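Pasting the structures here.
Below are two complexes that have chain A in common, paired first with chain B and then with chain C.
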Partner chain A sequence: MEKMLKKFIQNATRVAPKISKKGELFELRNGLVSQYPQTRKDAIKKTIQQMTLGKDVSSLFPDILKNIATSDVEQKKLVYLYVMNYAETHPELCILAVNTFVSDAQDTNPLIRCMAIRTMSMIRVDKILEYVEIPLRKTLQDDNPYVRKTAVICVAKLFALNKELCQELGVLEDLISALEDSNPMVVANAIAALSDIYEADESVVPLPKLIQSHVSQFLLALNECTEWARIIILGALAEYTAKDSLEAQEIIDRVTPHLQHVNAAVVLASIKVVIKNLPQVQANTESPIFSKLSSALVSLMSTPPEMQYVALRNIRIVLEKYPHILSRELRIFYVKFNDPLYVKLEKIDTLVRLVDPSNLKQCTLLLAELKEYAMEFEPEFVSRAILALSQLGVKYSEPKFITKVLEIIIELCNTRDSFQDDCLVAMCNLLRHAGPDQEGMVTQVCSLAEAWSSVENLLQTDYAKCNYIWLLGQFPQKFNNVERKLQASIDSFTQEESLTQMSLLISVVKLHSILPGSMLQNLLELATTSTDEVDVRDMAIMYWRCLSVESSHDGLINELCNSSLPEIATTLDTFSPELLETLLRELSLLSSVYFKPVSTMTKPKSSSGNHLKGKQLDELQFMAQDEILKNMNEDNLLDFDNDWPAASNSNYKSEAQGSTVDYLNDIFGLSSPAPPVENSMADLSLNKKDEKQKSSNTQDLLDLF
Partner chain B sequence: MASCIYFCDNKGKVILSRRYRDDVPPSAIEKFPSLLLEAEQESSIVPPCLTHNGVQYLFIQHNDIYVLTMSRSLSINVAQVFSFLYKLVEVLAEYVKTVEEESIRDNFVIIYELLDEMLDYGIPQITETKMLKQYITQKSYKLIKSAKKSKNVIRPPSQLTKSVSWRPEGITYKKNEAFLDVTESINMLITASGQVLRSEILGKVNVRSRLSGMPDLKLGLNDKGIFTSVESASSSEATEGKKSNIELEDLKFHQCVRLSKFENEKIITFIPPDGDFELMNYRLSTPIKPLIWCDAKIQVHSQSRIEIHCRAKAQIKKKSTANNVEILIPVPEDADSPKFRYSHGSLKYVPEKSAILWKIKTFNGGKEYSFAAQLGLPSMTDAEVPRAKRPIQVKFQIPYFTTSGIQVRYLKINEPKLQYQSYPWVRYITQSGDDYTIRTA
Partner chain C sequence: MGNFFSSMFDRLWGVNREMRILILGLDGAGKTTILYRLQIGEVVTTKPTIGFNVETLVYKNLKLNVWDLGGQTSIRPYWRCYYSNTAAVIFVVDSTDRDRMPTAAHELHLMLREDELQDAALLVFANKQDQPAALSASEVSRELNLVELKDRSWSIVASSATNGDGISEGLDWLIDVVREEQM
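So, the complex of A and B:
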């Protein structure tokens, strides 16, 4: 009894002093060297807390280090965490920790062995790296798979820190042989490590060959590992090209079960492998594999919004290759009230893409749904819905249906105030598709536009203005007072952007016979003297020349004016075949979300040699780029950052900007001299189709040559 | 691969971070708040991936925090990243209950430990909470004590890297039980005129396993594609033929289910993790009629008042009951002085949601209730400010009932070594999904 009481009292009255919450450095320092283990541990925790808050506690390094030799695993973890964070600021003191690292790497507890090797290979200090060889070798051959799976990743870490040392030690060979490990998790980590190394330097490891020779192991391991390991292994399988249709079929058969995994990333990785092998097995569209793919894709729609976003962007790619794969699943992609806006917009895009243009019922259904969306509140959403309406009309391509679409848009235009831009563009697209002989539609649209009083204030975007002027030029007989309307635009010529300027040129030249000559003269002068746009100026000069030789070649100018427009077949933008194939290979990667293949990105060149200095330069470069971008026009900044969703109007600008940054890269001489041009080229090819329609007038002009 | 994990508050300020690689400079995170802001200002579209200076920012939102990861490379598997971030939040929730700014600050030690274990060099490793809890525990004092004995030092469970990585050995229960919860969530979109535009059933089977040893389980459902078992298919065909078999689409299984066995033999077999987990989920897009039908006539007399007449009907079997029915009807933001007339449930004006909330505790099958409401509108309004069109939202729960008709035929539990008696329990419930909405005219 007395004993128990004594014990109780002893426990209750804690002798070890506590560390206050303030976290003053001197107090922490005293705590760290306290004679009581509990106080020391408290102090370590408080130190880490300060570190988490972003305070610089690196000055406590020597005192923290005194606590590294402990049997308390948690304390050890914290000390290791600290050491990892601040090792670079105290390289000379790190050497004191080496002994503990090396002995910990031989501890009987696999957890400690792992921690030691994991931490050691993360520290950017040459002196530590000198000692890494033996522990790394040992752990790579460890009996415990938990240790091995950690060690294989350490090879990749070491490679990133010091390529030469890593090659000298010959641990890469160990890493390669880990692909044959009996444990699937080790295999998966080995693949991940190898891919990482391969991405940094293709010459060091023959990754494609390795995948080739290990396919059967991978397929075997697939059924027996964690979800994350599956993703990695499936990723490797997607890199492999089957020898013949038989093998392709086998891979598909082995992978399809995983389409039913609960983890959406596993599903997407499986889809990728199946799609990779599909062309080789020549499955017809009735084949069950398509319905399995379809239901797997659909299932991705019951995931969190971020995942849905990735799925939708990927579905966009898959749909272009297999347009009918989801044609029965239209309703799944209906917008939900709670969806975030970025998901809603992608869903609309998907809806229009997957609707089957030969199925009137489906198209009518979608039309009603899109109409509902167009009545919503969020401006971006409504704009997108209006665009989708016109896309659907063009896709179904039947005069009656188009009339219906047109009526909806006209109604929208009349009832809602702020969407004239979008409506006008949508209507012009429909007119261009239906052709000029649809008298009824033309009258409807033109009488609507006729009624607008001050178009200059009503229409905001360059693109809408350009379409308005095209409308004037195309159907002058439908408007009263075309001359006054055009004159108003000419008056604001210098403030307009290039599309409107070009459109204006074309329309005025086209109507030169019914407009007063001074107007044409005035416009041509403006276009040749007061614009910076080279294209506009060239165009004006060319027109001018044509007009001045009119007397001798009367036909030329007539031909210019009366050319009929090529009909637009679709307003949905498409990828070029090469881009599509690349993107299919990169499904589930970030590049597939941006529609920008990995190869278009400049690789950050891994600076070998002096790490610390390299890192500082890296940092400096980052900051400098930041600064320069900041000083640029803010609009442009955003265009540059994500020019994929933005309309291509500003393509010229982002190009110019891109080159500035690349110029900067050249100054630093760090990034490889590669593809600024290629980058913007990719953008262009992506937007080409889009651009074509936007500047349809330019296109006509080009057609003439 | 992910270079780092950051937890940021709702402004984008860092709460806690763990860096795995050096390719993204530490200063890159400072740009995150302004990136968010810029994206929001430009338009209200803020996709979950942003780029700045060649650094990719990938993030999810949870409660009041952002969980963010960064990368230099476009070849990062973004599906894996999002999947992992959600898993991370899920695991943290099991350690700290709600994952929010405060709980992260309070539990930084354990979170660092978890981040170390779950992600190595940006490669996801172990995310099974049951297993992580074996060697990462909050009660650190235990460690000190056991460390003294030196034999019992915590170490990674050997199961961790084996093929059954989700279940430790040596679990014992006095009474061996397994509980099955079949939950079906109904999502439905109905037009103002009562036409069902889209309907889907999202079903899931949750299991609470309290079983000893390494039991092997076999689940039989009345799904067409799933063979209940070889004998029953042939011998008891006469009796079972009457029961309608249903066909589930998009079956998704927990990783413990042997997928290839299911693919080839259509049998669901698995060694369950201990405790609660979601065994499978499925989706059905068969058209269904609204379980809770609701019709609201909303008349707006602008600048004076708004009148709402609403009827709701439980279109379910007489024996069934819908519980906790909530019908949320939107009203204009500037409405005031509500007047209600109703016979059942409770009716409340919720100004912060600009809506009327009608709650009915128990709603018996076949019954129809209604209410009438009138709210005043201000006589002065901004001329034609466009209003958001919001739908009516309905919530409900119907116990002992599945819409799809799915039934658990049997759950066979077999532990080869222990051979104990075990008791499976099954519960069914149907509830509204997150999108059971009726559009307003």
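So, the complex of A and C:
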């Protein structure tokens, strides 16, 4: 009797859910297992609230899970939300939810059926997936289209989590038959799911065949699905080659409206599909589709800077295929003062590429614009602008215009400190294009260089020094005392980099008849014995040979020295035709940012991610016991902070953050020294930059001389 | 705020209060079958329970929250997650499964040692009595060593979930005990 009284008082006084000393988690746990349904529901809400605030309430998992079996839909939703969020931290406890998932998948309420199947196929716990078969099959055949539409997506999710199981269950066949579903949303999701699966593994679904037999369904689905599904479907369509020009035209017509979507990814994916089909319809440049493509590309420039950057990289690819596509939109790409540097640099590149070389007015406008950029402060930006000036000069190609460009550069060279390297390279590029007949220009450049007092200290980069020496070798009559100038470089030969070494070698050989023999002898010796550059050594040996047979074949060396240079036609780098085609097919993918085809990037192992996933049952059991014991001891948040799941969680987060940072750095080249902008554009072509550095150096030099 | 007052009201007057009852036992003992016989009065076809079933039923004016937990070896470790605030445990034994009587006894005594269950009443169903090979209730009681239990209200009832024998009899006993204990 006394016991009963005590209990009564206890119950009566525990009315208010006050926060006891034991802490919030303790209170929540008590609430979750209360004998009163309303109290339990309140506690669930509070727990979810804490969860959304970012507090770790994962230790309440078992107690929350007890509330999953309820007829109250709202409460069920909350519990599902919680389970989805924390399933990965408590894979072993998820098994307790299986029975409920399975029976919920047969609930009379379609919303609950959806929730159950969606959650089941999302949780990365093998033990749960084992039981997914029956619910998945049932929901794929559900009477309610909303449920079916959810179930088809779940097949793709299951595939991502456990490919073998997915194939074993044979649900991929169900997915394919869903293409014939009477409800367009189900069809759309089935297509998205199939495309997603195809992207992960091309061998499991015959997507190209399916597209061929269902083109109209695919095209119609675009209007029925969410934007992310749309991107996936567009990606699949871009892989498909239309069977004739009629079909290609139909695809273009259906996809065109999506060029105006607000989501930049949808726009890029649509552009990709249109471009893929353009060759088949033989559209001429006046056709309206080009102006639609153009305005789609322009619309991408009103996005945040990160996306602008991606857009600019993609535009670079499109421009190479269709150089005139944006020629009316020059102004859109003008640099804004608040653009981040990486956007500014890309914009300059785009400007020079898209300017129409037959349009004097436009080129003059751009010239004025670039000149302003060259007066800015950020060194990288200024360097890039100077390079662009010369690129523009070469592109427009008319002597008067080039003279104008040259004057601007000379002025910059004289007025701005520390840009002599860039200016010299730019001027030499102009000279190489204009040819030796342009006496006036040659004199201007040479007298500028002649006036420099100590060139060795003035010029910093290998590329600039190489150009300077080329100038000496090419126009010796324009300089006083070429011999002394060359001798200074020979003295520092061993400290120079490969381009300068090579250039020096070529110039000295070229001028050997007017230079003292000992100088040549000295340099050839240095170049054959004191350099690690194989190309330089080979070249030196070759010259030596030529010179030593000179007596008998007098003509050979003279021919070598006096041959005239080819005019360079462009200083803009280009992709190889194969690379261009590949990149066009991969627009909007990461490869379009790196200019590297997906196939050359290493794919991450498909089953990466959750380390808990493949745990054996006994291991899970052990973890569960551990977990339960621990939960019993934790009474407040303070204790909880020292608890291992929390700790490992935060580790995981910081790791993830680290890798994101790395990733961003990779994209924007922030951590690694950015490639020197003053290098020639040929050097910038990313695809050969790394592996072929050496041979491309040689190539550059061969181009030079 | 409304919810807050309504839960306060519930507590003050003991309205809407639910009594937690657990149904435990080895796999295949008939727990799920018993739960649904209580709930809908019929025999349902069952599959092994991976996790749990829970049903709320009103029996003799008392709201019962009945939890049927899976009995497979892999699920037994999680039983303890459900012990707190439990008024009574129904332990179901397959009386024909002589081989596993020691296992059942072991699990039973292990469970009863838990702090959280010290106040819980115990009802044992010696189930599947419709089968000829079934041990009698007193035989099962001996196998389970029930006489050893001290300081606990307990009872064993011979039952058959399929034909309904003994089920309400056992539950009547349990409700009386629990009602008294809870006041």
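The working rule: the second predicted complex is superposed on the first by the 387 of 705 C-alpha atoms of A that agree within 3 Å, B and C clash if a C-alpha of one lies under 4 Å from a C-alpha of the other, contacts with A are read in each partner's own complex, and residues count from 1 in each chain.
Just so we're on the same page, contacts are C-beta pairs under 8 Å (C-beta built on N, C-alpha and C of every residue); 3 or more make two chains touch, one makes a residue touch a chain.
Predicted model, so just to flag it, every value in this text is computed and none were measured.
K.L.:
Looking at the overlay, does A:Leu96 come into contact with chain B only (first), chain C only (second), both, or neither?
P.N.:
In the superposed model, A:Leu96 contacts chain C only, not chain B.
K.L.:
For A:Lys55, decide between first (touching chain B), second (touching chain C), both and neither.
P.N.:
Neither chain B nor chain C is touched by A:Lys55.
K.L.:
Once chain A of both complexes is superposed, is A:Phe377 in touch with chain B (first), chain C (second), both, or neither?
P.N.:
first
K.L.:
Could you say whether A:Lys243 touches chain B, chain C, both of them, or neither, answering first, second, both or neither?
P.N.:
neither
K.L.:
Look at the residues of chain A and decide whether chain B or chain C touches more of them.
P.N.:
With both complexes superposed on chain A, more residues of chain A are touched by B.
K.L.:
For A:His324 in the superposed arrangement: first (chain B), second (chain C), both or neither?
P.N.:
neither
K.L.:
Where on chain A do the contacts from chain B and from chain C line up?
P.N.:
The answer is residues 625 of chain A.
K.L.:
For the complex, which residues does chain B have touching chain A?
P.N.:
Residue positions touching the partner: 1, 14-17, 21-23, 25, 27-28, 31, 38, 42-56, 58-60, 71-80, 82-86, 105, 108-109, 112-113, 116, 120-121, 123-128, 135, 140, 143-144, 147, 150, 153-156, 158, 160-163, 165, 187, 189, 197-198, 200, 202, 249-255, 258-260, 262-263, 278, 280-281, 283, 285, 384, 386-391, 393, 434-435, 437, 439.
K.L.:
Contact residues on chain C for chain A in the complex?
P.N.:
Going by the criterion above, the answer is residues 3-4, 6-8, 10-12, 14, 16-20, 49-54, 65, 70, 74-75, 77-78, 80-82, 84-85, 181-183.
K.L.:
Which residues of chain A touch chain C in their complex?
P.N.:
Listed in rising order, the residues are 4, 7-8, 11-12, 14-17, 33-39, 41-42, 62-63, 66, 69, 93, 95-100, 102-103, 131, 617, 621, 624-625, 628.
K.L.:
Show me the residue ranges of chain A that touch chain B in the complex, using the header's touch definition.
P.N.:
45, 48-49, 52, 54, 71-74, 77-78, 81, 109-111, 114-115, 118, 124, 144-146, 149-150, 153, 156-157, 160, 183-186, 189, 192, 196, 199, 223-228, 231-232, 235, 254, 256-258, 260-265, 267-269, 295-296, 298-299, 302, 304-307, 309-311, 329, 331-332, 334, 336-338, 340-342, 345, 369, 372, 375-378, 380, 416-418, 586, 588-594, 596-598, 601-602, 604, 615, 618-619, 622-623, 625-626, 629, 634, 637-638, 641-642, 645
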